[in-house]
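Labels A, B, C and D are assigned to the chains in the order they are written; within every chain, residues are numbered from 1.
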Amino acid sequence: MKNRTLPLLASLALASVALAQTGTLKIVSSLPRTGSANAQTTSMVNGIKMAIDEVGGQIDGMKIEYEDMDDASPQRGNWDPAVEAQNANRAVRDESVIGYIGTYNSGASKISMPILNKAGLVMISPGNTYPGLTKPGMGEANEPRIYRPSGKINYFRVVPTDDLQGRVAAEWAKELGCTSVYLLDDRELYGKGIADVFEKRAKELGLRVLGREGIDPKASNYKALANKIKASGADLVYYGGTTQTNAGQIAKDLRSAGVTSKYMVPDGCFEEAFILAAGAENLEGRTFITFGGLPANQLQGRGAKFREAYIARYRVEPEAYALYGYEAGRVLLDAVKRAKAKTREGVLEAVRSTRDFEGALGTWSFDENGDTTSRIMSGQSVEGGKFKFVKVLGQ
Amino acid sequence: MAPILEVDRVTMRFGGLVANEDVSFRVEPGQVYAVIGPNGAGKTTLFNAITGVYQPSAGEVRFEGSVIRKRVGPRLALRVLGTAVVSAIASSLAVNILSLWKAVVVANYAYGEPFAWGKALSCAGPVLREAGAAWTWLPALIGALVGGGAAFVLWLRRRRTPDVVQRAGIARTFQNIRLFGELSVLENVLVGMHARLRTGFLENLLRLPSFFGERHRSRDRAMELLRFVGLESRAPDAARNLPYGLQRRLEIARALASSPRLLLLDEPAAGMNPTETVALTGLIRQIRERGVTVLLIEHHMRVVMGVSDRICVLNFGKRIAEGTPEQIRSDPACIEAYLGKEELG
Amino acid sequence: MHAIAHLATLTPLAVAAALQAEPATAEAASGVLGQQIVTGLSNGMIIALIAIGYTMVYGIIELINFAHGDLCTLGAFFALMLVGALGMEAWSGVAGMAGVVLLLAGAAAFCALFNWSIDRVVYRPLRSAPKLTLLVSAIGCSFVLVNLALFWGGLPMEVFGGGVAAAAPKDFPAMVPDSSLLPDAWDSWVSAEAFLRSSPSWNDPSVWWLTWAPRVALAVLVKSRELNFTTSDLLVWCVTLPLMVALTGLVRCTRLGKAMRAVAQNPTAASLMGIDVDRVIGAAFLIGGALGGFASVIYALYNNTISFQMGYRTGMDAFTAAVLGGIGSMPGAVVGGLLIGVARAISDGYIEARWTNSVVFAILIATLVFRPSGLLGAKLRDKV
Amino acid sequence: MIRGRSLSPSWILLGGAVLLGLLDRPLGLGLVDPMRGVLVFALLGLGLNVVTGFTGLLHLGMAAFMAIGAYAFAIGTCDIYPFQLGFWPAMVLTVVVGAVAGFLLGAPTLGLRGDYLAIVTLGFGEIVQDVMKNMDAITKGTQGINPLPPPVLPGVGELGSEEGPWYWLFLGLLVLAVMACRNLERSRTGRAWLAVREDELAASCMGIAPIPAKMYAFATGAALAAMAGGLWASLYASTGEPGNYDFQVSILALCIVIVGGMGSIDGVLVGSLAMIGVANIALPKLAAWLQARGVVDPSNVLGSPNNWKYLVFGVVLMVMMRVRPEGLLPARLGRVGGGR
């Protein structure tokens, strides 16, 4: 048995190497596809696919292949360090892979960044907002150096980070006339990080912070907490969390406990599912959502075209994160196109030199840390059961 | 001669139910002593009271002149004090851990620079002082009291558990066979030898030389015991696969493995056929010849009358007669309560 | 029965005592405490209802039925599907009430049958297998149920968000308008107070014992005016309390209940006495499932959100409640559920929400260290 | 133990693992990387097997000890803390901390029976997670601690991105753990555990003090789990976040032990291969295969293979239990704990 399969497998392995040489370039994405984040990641994957189709699935005669990897495991229902590491290693081993799009959770990137960095494989995240991944001094003392064992930058992101969003959120709260705020977070990397920034900025702006609570995102309701918030008399409740960590339930419980304050959430809630989960009547006129970018229907030029194409293809309005999937895919493909040698190093070099990229979000570049220079933030409210664009923030 | 076992006015109550009332008897060394009585007379309950499964509600059981209990001594003191100290430190630390950490570690460590241990640790004192007695010493005090108190109460509650009694030299078998079914016959005997063996966790983990020496000796002895009860050929089999009569014999071998001075047999002949019963009688005699005193509960009158030196008769939890087999045979109360019915039925 | 009766008298007293004990200066806080207890009790009743499902199955076959919480998830999705299919969002008034009854009945029937079939297909063939084998089957079953709920959430119906985001939490329409009940009834209480005050014995300290009960009652009523006791709270109380009483009655008094207790004691002996053990176990799954169905609808109407993973925390709380009360004991499950509900609310309100789960489990561990078989559990004794 | 068994399934499996390690590269299987996770979970399973399999205590909080191990290792080694021990000293520390934690949890609670103990361990798991999340001054909360140093081997130096040496190291440690468990099982200590599992009262009438015996089992299990946690963290150079050590991990460990066969060391090895293999190797491969065939329709919830993973995993568990109720490789003398 063994003797017979050995040559067979060996020839298969050879064949795959040969295939790579005759011109297949592979892009992989590693996003949590099992479990609760599935909705956002599906729209991201849709965005990536659209970016690939836009170039006709090939560049300079080389076929572009795409694999949608899952970094969640069924027994966890969420991203799993083991699976993320496996995905990264698999991508590194597969010679034809020239770009890695991911991850969705910043925690997962902490695992895969060093692995990909050592291999010199470019990584573009459409979803990570934890500042420490790229910005010195924003996270732990050893960040972000530890993610770059080779000393070179290979990680880029097309989303603005939490430190920007939390800041503009607090400023917006002040503009809305709030004087006191009650802070909640979901005790996750994203939610807690953004609430921390909000808290710091709110204090600088002279908003009174009446309380800060970390909630259990799996609890069945937050009525007891809502009672407490009601007694505190805060006129804004800020929740650092996402639809998946029960932002909708909080809105409901606040209303049923008779809390009349405003309710502000970050872009983890900027998706249709948030309104569906919370019930439009619980959000109407009192809910404010910040987003690190512009909503699809406010986009101009390329962005507007993307929206039309997305609706035509998937028959739904693109979610906020679809755009980032699309943008990540496009900036990667653009780099592939520009790269002289279609190798990992070539592509990495091309991505790094991305300047004044004509993206769906306007024109932007990658800065020296690998962050997008796009600083556009927007504020939304909920009216008539729909998100309504209110204004551009942080300008 | 001093009695090996004295049951002195033992009463066992469960809620309103009185299982034994004021039962007394003495067993002399080298005797085979039988406790008989109709079903529900409280014989097994009495056994449980003797072996520490239950604590007598009143009265006491003396073995070789004293009640078997863990002794008040340095071990107890060490245990209570140790628990108190550990829980005092743990509680005080639990209350202050964050501020300590910040003062000692966070404040003294700059990323990438060497860490001055002495200086850092010296920062702990001020933090604890600043926290004040209410947050430093009070938790420690409460921790010490609760921890030490709990250790003492638990010790008190477990002063006379079956394992303590067994280690003092009383072994037993069970009426409804309680072998370790998944273990081999040999291992069952080795478990019985547990208290006589010495190798500790680390010796076993690392298989130090002492492990091999003891393994050799204990196996030899276990095989000897199996030979004694006639089971040596079944040594590797799972205990649950033995036929019923052999399981009873294995229970006896397992009990003997601890080299007890007193052996309690709870209905060893139950479920045996006449041949097996005869063999059992012989076995009990042999056990006595090995110098082990035997306390026996039995229904088979042939066994009881054949091997016992003295007999105690219980009915409805009370002792109704005591004496040699001949005396019991002719005791009118016994005949009425028990023997008569049994022999006629 | 006993314990429930006790509870019925003790709970208001505890509330009253808590309200009275608060210093007058912390007027606002005291209102919150009462409110927290009400919230806690409502949550606790839902937990208790699910906990009974755990305890029934455990009491009979000693299986920690890990799939029970997820069964409730399916019940809630079934109810939401009914809402969507019949257009119930628009029903109001009497029709709305009828809708609630319909949902309760539908989900109960669905969950009962589903639970029974799970037993039939998954657990029954394993009756003689080791206990932990059954446990792993239950875990596997729980995974399957979670996945079914995920699929269900992807149904192309409007109530499920058109099937776009299967994994997202779903809004469950408020069939019962969420309005505060207490202020409306306030006037009659004012006259009651005036009537009491006018009686001569009210101000006579020598007969304080005569006026003690009315005083407490009045204190509760006066404080309650500040409470936000809503229609959905009322709904929870009105559905769960009778159910618990009825269930206890069933187990105490009917033939089936006796058979259940017999099987729990000793299945072999019970079968020798002519009891069809499989049928009795099936009945336990049927009843436990029905309770889970009721609980799921109550949960959905109280929280107005359901998601495919909601069974996890609810199931965990219910299991904790069952153990806290003494697993196998039905009144124990109720007491445990209420206790955990209130403990959660108090912890959220007065400690920090981020420590709530720890507080609940710390209470549990402390209780078990001192009462090793739970609050109302039977004391275990080895049979030698 | 008296019948010399010439070749036990454990050694066959470990031999298979050696073969896999040798053949992986030449055959281009790419299995060595995911297999490292299987090896770590096998360690965790061995730990739980001591507690649940040998001693019969249902333990639903194994992940807590894994978390304690991972965080102890991380705090001992990561350069944002002043301690900065090397890999091996930190690993020793990890094992000791794990054992002490097991002892501290066990001391007050081991008097509890069966399922009451189970929920206490479950609660402990939740509390540990909360502590890790909330004490962020020490544990860095949800950020996780990184980077953590890779193991250092004499002659090889620091292990890098090359998977081979990792694999061999983990395999070596697993072999050591298997030997340790085997030594314990066939000794006075292990016999006491088995006796307590079979019949606690009879065991105590044989002179075994049940609570100390359970305590040793608990601490041994916790130490092995902590070691698994430390290796896990070292493997991914990060503790991940506290949420990575949740109830699901404890459940996975329990499934490994029971699917493999309670109380059977061979079983743990097979069980971890089956469980982690299905969840982390077979299911992703299946999903990728379906994707490559284009059998995927993301517009529909049923159309994406990822949405089926829970179902497949659950069904696999149920079928395994149905087909082999006593586990894939039951303990040496036939069925364990039959009936209830």
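Please note the rule applied: contacts are C-beta pairs under 8 Å (C-beta built on N, C-alpha and C of every residue); 3 or more make two chains touch, one makes a residue touch a chain.
Please read all numbers here as calculations on a predicted model, not as lab measurements.
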Innermost chain, taking as reference the mean of every protein Cα atom displayed: D
Centroid comparison with chain B (C-alpha atoms), farthest chain: A
Between chain B and chain A, distance of the C-alpha-averaged centres to the nearest whole Å: 63
Separation of chain A from chain C, taking each centre as the mean of its C-alpha atoms, in whole Å: 38
Centre-of-Cα separation between chain D and chain C, whole angstrom: 35
Between chain D and chain A, distance of the C-alpha-averaged centres to the nearest whole Å: 32
Per-residue multi-chain contacts in chain C, two or more chains: 143, 146, 166, 354, 357, 382, 384
Overlap residues in chain D, where contacts from two or more other chains coincide: 79-80, 108, 111, 133-134, 201, 251, 307, 309-310, 313, 335-337
Set of chain B residues in contact with two or more other chains: 53, 111-112, 174
Of all residues in chain D, those that touch chain A in their complex: 26-30, 33-34, 37, 78-80, 133-134, 140-144, 146-147, 160-161, 163, 232, 235-238, 240-241, 243-244, 246, 248-249, 251-252, 279-280, 283-284, 287-288, 291-292, 298-299, 304, 306-307, 309-310, 312-313
Residues on chain A engaged by chain D in the complex (per definition of touch): 6, 9-10, 12-13, 33-34, 38, 42, 45-46, 67-70, 72-78, 80-83, 85-86, 89-90, 92-93, 107, 110-111, 114-115, 118-119, 130, 132, 139-142, 146, 187-189, 192, 214, 314
Residues of chain D defined as touching chain B within the complex: 1-3, 79-83, 104, 108, 111, 135, 137-138, 180, 183-184, 187-192, 194-195, 198-199, 201-211, 216, 263, 331, 333-337
Chain A-touching residues of chain C, taken from the complex the two chains share: 28-29, 31-32, 35-36, 39-40, 42-43, 46, 143, 146, 161, 164-171, 173-174, 178, 180, 228, 230, 232, 299, 302-305, 307-310, 312-314, 317, 344-346, 348-349, 352-354, 356-357
List of chain B residues in touch with chain D within their complex: 51, 53, 90, 97-98, 101-102, 105-106, 108-109, 111-112, 115, 120, 150, 154, 158, 161-164, 166-167, 171-172, 174, 178-184, 186-187, 190-192, 194-195, 197, 199-201, 204-207, 211, 214-215, 235-236, 238, 241, 254, 258
